[in-house]
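Note that chain A is present in both complexes that follow, paired respectively with chain B and with chain C.
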Partner chain A sequence: MSMAAKTFGGQRHVNLGFAVLIIALYVFLLVPVVTIVGASLTNGLMIEFPPQGLSLRWYQEFFARQDLVDGLLMSLRIGAITAVVTSAIAMMAALAGQALSGKLSGVFQLGMTLPLLVPELLTAVGLLFFLYKIELGKTVAGLQFGHILMSFPYAYVSISAALRQVPSSLEEASASLGATGWQTFRLVILPLVMPGLAMGAIFAFINSFDLYTISLLLKPLGGNTLPLALFDFLTYEFKPTAAAAATISIILSIAGVGLVQKLVGLQRAF
Partner chain B sequence: MSLTRRNFLKTSAGAAALGAIGLPAFAQSDTFIVNMFGGRWENDWRQYVMPKFAEQIGKDFDLDIGLGMAWISNFRAAGPENPPFPAVMLNEKYTAMIRNDDYFEELTPELVPNMANVIDPAVLKGNTAVTGMLAPLVLAYRTDMISEPPKGWADLWDERFRGLLGLYKITNSAATMMALWAGEHFGSGRDDIETAVAKFKELGPFPQIGYSAQLTPLLTQGQIAVAPIDLGEIKAMQEQGVPIDYVVPEEGMMVFDHSFSVFKNSPDKQLGLDYVNFVLSPEIQLWMAENWLIAPTNKTVELPEELQKWPLQPEVVSQAIRFDWDETLSIMPALNDLWERTI
Partner chain C sequence: MTTVEVKNLRKSYNDFLALDGVSLTAESGQLVTLLGPSGCGKSTTLRCLAGFHEPNGGDILVDGESILNVPSNRRKFGVVFQNYALFPHMTVAENIGYGLRLQKCSKSEIETRVFDVMKLVRLTGLEDRLPREISGGQQQRVALARALVLKPRLLLLDEPLANLDARLRDEVRWLIRDLQQQSGITAFYVTHDQSEAMAMSDMVAVMKAGRVAQFATPREIYQKPTERYVADFTGEANFLTANSVKPIGEGRYAVHVAGADIEVDGVPGLPDSAAAELLLRPESLSLVTTGEAATFEGEVIKCAFLGASLHCEIALPEGGRLKLTAPPNHAVSVGDRVGVAIDLSHVWLMPEVAP
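Up next is the complex of A and B:
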């Protein structure tokens, strides 16, 4: 057998191995999703896979449960505000970060991602005491504040990455043509970073929608987010209603990604 | 309307503005708020119990849903001078954590008239709390899988149950109580955690579950055949046709004490006292017995015939094995650590 044929055969084995690895990775990532979606469609009384018969009864039960629906609505509201506010703040921070240089820039970048580096529980406990000091303990505003804080780094990383792709010469050209700083931002920079901004907003929303620990400590009197309501539900009633709720969350996440695709295209967002 | 970037930005900005405007609407200072567990507890309390109390006091109500440690973290952050709500329901394990920190009003029959009728064990240390929801912990077994049922806690170590047991995680107070009991039964005392943990290691491997409702699917599906569990879960399984029965352990059953306290510095302290009195009233105690199989702590409650078969009677629950949670809390860190490293 010639050397070329051996090499070609070796390459085929590598490709095959790589394909198996990729398939295994997809299976690893998707099996929990398929399992939970399947379990939500069971006609039986237990969370189980494969489902016993097919039924939408647990979705009906989900929407009949005021505590879970209230949790869903609160999560959607908190998530939406988090996405909008976080994107705006992260945009400003990214612009500030770009204006810095040298060591200061590195310190700034690190500072902006600190909420990711500090354990969520420690951030939550610190924030809890702080919020009571400023009389925002157990309020929606306090919870919102916590979610914005925890979601900020995701938006910041996405937006600053998009901003780095914008050539500085465009800003200079815009200024030389007489545009003000605001006009340059609105008409030149913003359209170019829009994919990163949209992706950052979606990341912030999804992160907010999933936050558990910080919500557990900061949640307002009389209010619950969906993850908390689900945990309470599973603590006391281990029924497939929880799988239905999880499936609804998955659908919302997919809808978020679909929104990015519709607005800016996923290829441009990454 | 087509979805464009401009529309998206406009809509987002609108949502943010609406959200910001809506924030003050969440403040509910004129609402009476107390805490409760989630799931069916919340639904039932919200639907059947609280409306009666709201009518009694002429105020709207809301519930703060959660779990012990999160409530305790909030009370500590708020401090004794600034409690988030006037009265609180906690597992006795959590009440003990802040009992000595000057949070609670001393409860007396003068302040809470229905306390005059509660069983003695329901009045907890220093009169800081009174048990309003007492959930008996018994031994459940699958009648189709177990030919000779266990008689007591010690039977869990019988060879015939090997591989058929389900138990609680050590973070659940049921596991803590069982470990303390094992230390006393097999070792030198309740603080003999080495003996207790070694004895539970003998039972392994067994599934360790965080909460009672998570043991239920394992029993229902026959993955385990014997487990300590509270009565409400047994009744629910029987109603679903699961072949299951229970025994009150001969050494005595254990109980989950869900106790009620009043924050002494709450501006609504009197409403808090009224609420505890309401929970201890025969009407609510009976309602909990009928709907949740919670044992009434009010001695004047007359259990209907259909409930007589359950161990809910005051004289029965008064005999339950009790634990001093102040002492238990001092043992728990070492116990939990040893348990987690060993089992």
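Up next is the complex of A and C:
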């Protein structure tokens, strides 16, 4: 009896410690978000927390600034194209990676995640030279290319993880029932990896939306993404407009994740 | 109807030789079982038949034509997998109708044929369930229905009962055999369970390390095995070393074994005066009461009451032990000296195992 009680007590102790850790983790993750959202709602003239009174004036201010709105639209457009193109390429790469066996597969996996391992600045510099060589330097297409490259590993990891969950016997069963490779992909594999594919697209979008260094080097003449426009803005004016812009980014991310949840169910994506 | 001829099939992975010259045939409408322990090559043979593996050598002829260059999606073979391999995102009816949908059959035709085959495997009413919402036995029947609905030329079953509990296994086993016989479809069946193999098959290939050790009817592999490995794998067996083997006819020998001189049937062509191994199945042995003629005498060293029978083990003075079953009320206990009679029509002489 006493043994059982002790174990029970011990477990409670562990659970309490665990709970504190979880709470600390959540605080750590949520404090920046809460601060920035709070600061964006201030009625004062400075970025500060807690906000001085509540208002939406800095959102109005944000949408009145042509440079920031242009940046937002550019980021949205590049992010959307990045999400679509990257997840399509990553899907193909994941299929190729699965078809390879043994040592070759490991080398392939590493190769696919290389953009994560090389410092972003170096990739950006290399890419800049390359883009000038093919006469795409300082163009929107060049910037788009860089974003796809930098976002690819995220989509690849998410999609190949989803693909590994599909047993190979399903492909064999499908073939034995008369399906061509394409039919098997469309009717069996694609529906089963869809959550991972959607998650990969979201990752690619969010990553593209956040990229700074590579955008700075590759940006087209006269065009800015939102992070670049915000940095320019903050260099001269330290106004809560920036906090409003950040909050809008957060809302967009949440909307994206919500969309995945609605379409395919988030729990299935992990 | 379909005949299959597997000729000297070879397959290796890196430096592992999975198939070392497998040859078998299946006549039209036969169920041929590939029986053996894991790693013996039975599944690899089946996967070569299905087209999932490409053999390194040999040939597979179906109705006289080689199918090695035909990809698996054009072979028109039905495959039933050990883990069922049902599509988890499709309902039972969609799973079964998958092949018909690929053939661009009309909606109403798919519906009718799916309904008919579901009735055949007793799944009616489960059309709209997902695979994860039905039991293992039901999933297995969906897998079977999905293969059968296409009227395949050949049915390939890879340990289809391995994941079912004992009671269901018996039920699904007879369902598979009934459907196979009714439709007259030629089938290959992979299993490591000898009782399954014996009960269902027209022919059994006992496999050993990438080769076919014996390819014969269930009766033959049990009663007339070509080697000890086959005898061991197909059921309970006693072996005694036989000396001074004397051929006295085609497949008939006079031997000296454990102090007795007897005449027995055996594998044809055993050499004169060599040693050989005598197979005695437990059911061919019986305990005799004093006064009756006994072939061997020995001491009871184990005796277990199993309800329907007594299970005894006898040690012979010349060395060697015999397991046998006796009627449940036979008066015998450990330490008794007893006589053992053998039914000479049920013993079998085989070559001695190479040491």
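We take it that the second predicted complex is superposed on the first by the 269 of 270 C-alpha atoms of A that agree within 3 Å, B and C clash if a C-alpha of one lies under 4 Å from a C-alpha of the other, contacts with A are read in each partner's own complex, and residues count from 1 in each chain.
Criterion: a residue touches a chain if its C-beta (ideal position, glycine included) is under 8 Å from a C-beta of that chain, and two chains touch if they have at least 3 such contacts.
Note that the structure is predicted; figures quoted are calculated from it, not measured.
After superposition on chain A, the partners chain B and chain C are seen to fit next to each other with no clash. In the superposition on chain A, no contact is made by A:L41 with either chain B or chain C. When the shared chain is aligned, no partner comes close enough to touch A:I148: not chain B, not chain C. In the superposition on chain A, A:T180 makes contact with chain C only, not with chain B. In the superposition on chain A, no contact is made by A:I206 with either chain B or chain C.
Of the two partner chains placed by the overlay, only chain B lies in contact with A:L234; chain C stays clear of it. Of the two partner chains placed around the shared chain by superposition, chain C is the only one that A:S169 touches, whereas chain B remains out of contact. Taking chain B and chain C in turn and counting the residues of chain A each one touches, the greater count comes from B.
Between chain B and chain C, the shortest distance over C-alpha atoms in the superposed arrangement works out to 14 Å. The residues of chain A shared by its contacts with chain B and with chain C are 191. For chain A in complex with chain B, the touching residues are 45-48, 65-67, 77, 80-81, 83-85, 87-88, 125, 128-129, 131-132, 137-141, 144, 191, 194, 198, 201, 216-217, 219-224, 228-229, 231-238, 259, 262-264. By the touch criterion given at the top, residues 167, 169-170, 172-180, 183, 187-188, 191-192 of chain A touch chain C in their complex. Taken together, the chain B residues at the contact with chain A in this complex read 3, 5, 8, 12-13, 15-16, 19-20, 22-23, 26-28, 31, 33, 37-43, 46, 62-67, 70, 73-74, 77-79, 82, 84-85, 210-211, 213-214, 216-217, 220-221, 240.
By the touch criterion stated above, chain C contacts chain A in their complex at residues 50-52, 71-79, 81, 83, 85-89, 98-99, 102-103, 146-147, 150.
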